[in-house]
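All remarks here apply to the structure that follows.
Letters A, B, C and D mark the chains as written, and numbering starts fresh at 1 in each.
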Amino acid sequence: MMLMTEERILPDELSRELRDPAAGAYASFEGWIRNHNDGMSVVRLEYEAYAPLCRSEGERILEEARSRWKILHAHCVHRSGSLEIGDCAVWVGVSSAHRDEAFHACRYIIDQVKQRLPIWKKEHYANGDSGWVNCERCASHGPHYDHAQGLPPPDAKAGTPLHKRRTAD
Amino acid sequence: MMLMTEERILPDELSRELRDPAAGAYASFEGWIRNHNDGMSVVRLEYEAYAPLCRSEGERILEEARSRWKILHAHCVHRSGSLEIGDCAVWVGVSSAHRDEAFHACRYIIDQVKQRLPIWKKEHYANGDSGWVNCERCASHGPHYDHAQGLPPPDAKAGTPLHKRRTAD
Amino acid sequence: MKKQVTVRYFALFREHAGISGETLESDADSAAALFAQLKHRHGSTEPASHCKVAINDQLVDWDAPVRDGDVVLFFPPVAGG
Amino acid sequence: MKKQVTVRYFALFREHAGISGETLESDADSAAALFAQLKHRHGSTEPASHCKVAINDQLVDWDAPVRDGDVVLFFPPVAGG
């Protein structure tokens, strides 16, 4: 089950849906909003998502995980809207008979979710600036791999980094 | 922090202790009591633990994880006593700035906890039999690597497997 | 051949365009051609391959054909989680 | 030389011994020697290396010396989690 929500994510309630008498292992991941990124002090994040495709692509990712590893249940919930430091932006939970499968599937799901779901985040910094966060895959190509090179900053003040290398993982 | 408890484990409360404004990632693992093991129907498990050494060895494992990966916080709680199907026997939680470190540390901790803490579990089967569960590492050496071969079953009826290969992961 | 398509812009593209979408006429044969034609709107100077495109709520390749009545979504590089 | 040691048995060992511990006199020089001497109690026929031993609440190697007044804990193969 892939869900998009503007409400607070409640991992404890969500994990209950993965319970199964045949489950011996439960691995989960939560992405929390960090107070820093790339040397900048972050005060708030805004998530923009295109929910219909997030859901269908998310379901596809969960199905891939189920076909690759012998797991019992796998769910993912992603938030959109405005989030504060410490808030949970994404939750992934996987239950299985044995732990190896739960760990691998959980990691696969969060990695794919971050690369494939149409979600974008804009960081708001302590100094009043803001900037869209660059994607993980591009970040891994190093600082010169900049998607939006030459693109005039639409709402940024002078000196604002338009794309940040990475944010909350 | 390594805790031993005879009370129900509450992951939601425990995860709160790992919160940190600098944390972008939280990986956790729970071991749940499975209703089957090695083809046998399990109805209940009893955990025997030597708590003083569980705590000191557990703290050592957490310290090892902290020195190997750049993480912020790592906790583990293990239950002892009588547990029912679906109960949480062990919980591990790790928070860090980035997810790779949280996943690796979480996996390391649960793997080491299962191999090093002086804890033993006795499975009670649907047919009334019971048996001590063999350790994971021995299980990985195959069915012929049996610690207690030749040891007379102290409380088992005829036909009870004295050592089971594996249980809840 | 001219066809009528509805285009939607997201995140960085939306902010640059100043609008979240528009309906327009185009003779673009592919999603890539349409993206190139609308460069003044979304503002991206990078290759389309770094971005994503969906037609009628299906993620498609950039060489996917654009047909009359299609809704085309242009996604800048994603950064969820 | 005879020394007085307190031995504790766990899990399978405890059930086989029928007691959780005892205080006894032994001339065993090492934890391994003491484990071998008490084979009739803990019942294990396998090599000590498959099990673990602690002296005075510290996990030790099997060749660790046993001294007068020590508390020696014999652990069968563990299976937590």
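In this text, a contact is a pair of C-beta atoms (placed from the backbone, for glycine too) under 8 Å apart; a residue touches a chain by one contact, two chains touch by 3 or more.
Everything numeric here is computed off the predicted structure, so don't read it as measured data.
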item	value
Chains contacting each of chain A and chain D, listed by label	B
Contacts common to chain A and chain C (chain labels)	none
Of all other chains, the one whose Cα centre sits farthest from chain A	D
For chain B paired with chain C, centre-to-centre distance based on mean C-alpha positions, whole Å	51
Gap in Å, rounded to a whole number, between the CA centres of chain D and chain C	73
Whole-Å separation of chain centres (CA-atom averages), chain B against chain D	24
Chain A and chain B, separation of their C-alpha mean positions in angstrom	29
Residues of chain B whose C-beta touches two or more other chains	31, 110, 167-169
For chain C, residues that touch 2 or more chains besides their own	none
All touching chain pairs, where touch follows the definition stated at the start	A-B, A-C, B-D
Interfacial residue positions of chain B with respect to chain A in the complex	11-12, 15, 19, 21-36, 85-86, 95, 97-100, 102-103, 106-107, 110, 166-169
Contact set on chain D toward chain B in their complex	10-12, 15-16, 18, 43-46, 50-52, 54, 57, 59, 73, 75-81
Chain A - residues contacting chain C, complex	31, 47-50, 52-53, 56-57, 78, 89-90, 110, 113-122, 132-138, 146-152, 154-155, 167-169
